[in-house]
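Shared chain: chain A. Partners: chain B in the first complex, chain C in the second.
Now for the complex of A and B:
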């Protein structure tokens, strides 16, 4: 079956169309029952995007489409669209699935969370539009598109963080997020301009092809600064140290489903873009050997610092949501290992495993982290406090939700109860095999430390005695469904890990040169 | 042969756990029991149709074996799902299912809050335990091994006694540190094998260790020669499993955990969880690294650990006045016999050790349950608080006396068979230097066991009736007594006909010890 080539973008288009549809419905049918319609529409749209992406992955990326007319390529392989501005390959499809699943879970959970809030049409459409931007980030194949996609996902996010207009924390978080975001965008766009200025190209492949010319012209320094600034822009989006300051504030202040959305989907999209830019536009061998620019070293420093800062900060928190925010920083550090192990000195054949492991970790992280944040959303819905003590004895009142939360937390810590164990194991294993045992060692130590603060929540929920006035009167169906679904997906990722790892390693191998 | 039975076993536990977790507390006990009968039935069927020969790690013919690729990591490595049973693991799988069902039944009386969570966790732990005994891929095995920890931690921490939080965290920290040491040591060992193995498949690793051995240039720590490296790995694994067993001096978590844990959890802890440690030692230290264990110095060191555990554990039990602490410390002593049997590396030594694992699982489970039933009635466990219970609770007391004698090794009870095999095996062991001395010293432990058990029984069960706590003593309810009788029946059955289990055990142990040793003892067949 041959579909028109542009339909490869169907998942992205589905997100965008759902966003528009939600706005239309909200405009024409502003009746009382619209809450479930809006939430249902966004959920369905996201699930449809996941389903289409899944079908593309299963049928082999690109095989459902005719080859490009002038490329002379046979069937299969990545689909290049709009003269190579966008590319839909295995990695892009994988991240469509991540963004779509997280968006669906968030939409279901928001049904209850937004019970008493107005402007729900705007909320759901902003979520869908942000998802569009995130999906676009995973397909961007040129620096210009990369910047636009990043802005498309950031602008709705700023508004969503400040969605609780009456809440000072939410507004403050939105402002902080916006200011740091604007600064980072400026840094990124300046970096892009330097890269363009030195190479004369914007497309990733064109940049890579023009690199040798940079050396001839003696512009290595300018390009190096440009690469570093691009890296800084992505560090913001992925909440990596030293651009992580916004994350704890924004995650804490924003509505909890939005925290889940940003810390899972937005981070994944940022990494998808970072991986593609640095692997295809700035191939590490060429950069180091011809130009003397060692960005891998920058990622190694970044990975170690991000892991350590994130985990130690998380261990000292008193509020669960802030702890999760810092743990999200820590997980960015684990994912960075994938890029940090790409040095040309690495034992060649194994870099695809470690890069693939980064993607696997993002997939699993999408489920388990979303589940944990949505449980926090449920606690906020019940009107309980934010600290660890406020979670005391929750399991006596809501055992099923607490079980789901426990699964998510232990999987985040890397206990073999969910996919988090496997993805961390493959990540560290891949790093060791690529010759970076010290990256794996730092990761493993951090991972062991993380058990301490995740277990604090578990201990509070199950083992501590509840406060006398702990009362749960409402059972939010949507939140329950979302939390349990996230936990279930986390657990199922363990037996089904072979499938995830195969797709991710293939995607990584097709990105890496010489594969 | 029916395939996927092991998967069905584990899945039945998991589904049962999920269902039990959801039902209202009122029905949880009955639903939990019903759910645990499914794996019990499957395990019984497996035991009855069991057909295997040889050792799982030494190219034996396995029963219910299942192997397929789970995750590929690039082209070089793969993780496999590999499960299967041989004569060593089959009795332990059966033991786990029996004890879980009986523990659930015995929990009906003492567990009176959050029942559905309690039974759900017990069933979840059963799934992990069965996985530990049946997994043959290190990775899968480790998943299950760690999977036992979490439910146990919660079971002690939520339903335990007054100091439950301290006991739970102590248990968790001790066993988790031990797991970490063991994991690092084993992964280092596998890396040391270089290109010879590309999976964590345990039979493949065992074969590679035997054939190519550790390559000198692949030792992960530079400057370390192969023999020292192997001894270090052996030591780290022995420590990792020794905490679980527990071996003196790493036993201090055990009495705390036992005293605080509710009775059914103690039953599982003593009956099955401790066996994870000795089972893993059997598989890793004494099968895969058997040549290290054959080093006389190592053998003497392990023998010392065993003898000290036997004597010191028994002495500690002698000093206790809490019935549960007595039984808890006596486990330390009994597990010492198991290690003595293992280091003997003879058919009767290793086979006896495996038999003793099963037998001790049944007997210590029985004693913990009896103490639990007495506690349910009297609300005290202190020896000085009661006497003359025999009048008021004749059946329970009868079972107590029978169980205590089984512990002391009364012939025609399984305890006698287990200890006799161990002593026969270790006395003439060619592996352990001056083995008669070790055996004689350890045998002295039985005298101490008799001492503290007889003392405790005489003070509490006989003489004029007296109860400090002033509770009305009645007959124990049927659901409390039924599991006691069932366990006693099994203890007697295995004592009268040890070959029910020992035949398959011997078959799996034979390849480990080599033909000539068994022939020398006349026990090859």
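Now for the complex of A and C:
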């Protein structure tokens, strides 16, 4: 069956339409008792986007959308839209699935979390619009689209973080997130302007073509600064080290479902964009040999510093949500290994495995990290405290939820209970095979350290005695469903890992030149 | 008489640095917003100048997009500064210290 080619964007359009529909329903029925309709609509919209992307992945984008006879495009290749400004390929589809699943889990969980809050229509439509931006980031094939998609996902996120406007923590988190975000988007756009200045193009392929033909060395300095500034802009979105300061504040202060959304989906989208820009627009071979700019080295430094800073800071925290925030910084460091191992010296057979492993880790991380943050949302819903001690003996009151949380945490640490084990294993193993044993070693040491602080939560929940007044009065159905679903998906990622890794490695291989 | 493109680059770098200096030193959130605007417009200078230099319209069109996005960003920013004022009674960015930095 041949569909029109623009329908390859169906997942992105579904997010956008759902956002509009939620806003429309809220306009006609501005009644807070309709919150099940709003939450249900955005959940259904996200699940539909996941289903459509899953179908495209299974059938292969080239089968559902045969290329036009005169376009010269190959069967099964990426689908270029709007004169190559957008590309829908295997990697984009994979990230549609990540963003869609996280958005669905967050929408279900928000049903209970937002029980007593107003402006729910705005909340859900902002979540959907941010998801639109994140999905668009995965398809961007030009620096212009990259910047617009990044802003489309950032602007709703600022508003969502500051959503609890009577709550000083939420407002402070929103302010800090906005200030750092505005600064880094200015840095990003200035970097883009320098890249445009030296190449005269914004499309990724056109930039790469212009770079390989450059012979005028006069503007190379400007190009180097531009690439570094673009890297800085992406480091903000993925909460990697030089621009990670906002992450613990924003995740701690914002409503917990939004922390889950930002730390999983937004980070994944940022990495999707970073991978595409740095692999297709600034190919490492060209950058190093003709221009002498070694951005792979910058990523190696970033990966190591991000892993270490994130994990050591997480180990010293007293509050569970803040610990998860720093652990999210640490996980950004693991994913950066995929880009750090792209050096031209690495043997070509393994770079696609390492890059694919980064994508796999983002997929699995999307589930397990969302589950952990949504459990924190549940604890906030019960009105218990924020520190590790406040979780003491929680398993005696809510064993199912605590079991799900335990699965998510151990999978985050890399124990073979969920998909987190496999994705980390492939990532480190691939890095060793590509000749970067020291990156893998630092990663393994950090993983071992991370087990300490994840186990602290598990110990508090299962082993410590509950306080006498610990009581749970309400059973939030939506939050329970979301946390258990996230834990189930994390466990299911273990048997399904072969399939996920195949998709991810294929996506990485099709992205890398000469493969 | 054409101005060499390097001069535009110097001008935009200067504007960018003024903006960056403002962000690093100002405590007033509104001044902060203005500094970010300066940095975005420094990029716009580059886009328009290099659009002329390369002889294509890509840069000019993208500069228009940047202007629109900057306006959207300021709208969100003003909203957040408004709730900041309501909760903390001031627009000083250093007052918001409920959490450890």
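Note that in this section the second predicted complex is superposed on the first by the 504 of 515 C-alpha atoms of A that agree within 3 Å, B and C clash if a C-alpha of one lies under 4 Å from a C-alpha of the other, contacts with A are read in each partner's own complex, and residues count from 1 in each chain.
Here is the rule we use: a contact is a pair of C-beta atoms (placed from the backbone, for glycine too) under 8 Å apart; a residue touches a chain by one contact, two chains touch by 3 or more.
It should be emphasised that the depicted structure is a prediction, and the values quoted were computed from it without experimental measurement.
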| item | value |
| --- | --- |
| Which of chain B and chain C A:194 touches, first, second, both or neither | second |
| Which of chain B and chain C A:162 touches, first, second, both or neither | second |
| Touched partner set for A:329, first chain B, second chain C, both or neither | neither |
| Chain B versus chain C as contact partner of A:178, first or second or both or neither | second |
| Partner chain(s) touched by A:421 [first = chain B, second = chain C, both, neither] | first |
| Per-residue touch tally on chain A - higher for chain B or for chain C | C |
| Partner chain in contact with A:430 - chain B first, chain C second, else both or neither | first |
| Touching partner for A:304 - first (chain B), second (chain C), both, neither | neither |
| Touching residues on chain C, where the partner in the complex is chain A | 5, 9, 12, 16, 19, 23, 29, 32-33, 36, 39-40, 42-44, 46-47, 49-50, 53-54, 56, 58-59, 61-62, 65-66, 69, 72-73, 76-77, 79-81, 83-84, 86-88, 93, 96-99, 101 |
| Partner chain C, residues of chain A touching it in the complex | 144, 147-148, 151, 155, 158-159, 162, 165-166, 168-169, 171-176, 178-179, 182-183, 185-187, 189-190, 192-194, 196-197, 200-202, 222, 245, 248-249, 252-253 |
| Footprint of chain B on chain A - complex, ascending | 349-350, 352-353, 356, 395-396, 399-400, 403, 410, 415-417, 421-422, 426, 429-430, 433, 448, 459, 462-463, 494-495, 497-498, 501-502, 505 |
| Contacting residues of chain B [partner chain A, same complex] | 21-22, 69-77, 114, 116-117, 142-143, 146-147, 150, 154, 157-158, 164-165, 168, 180 |
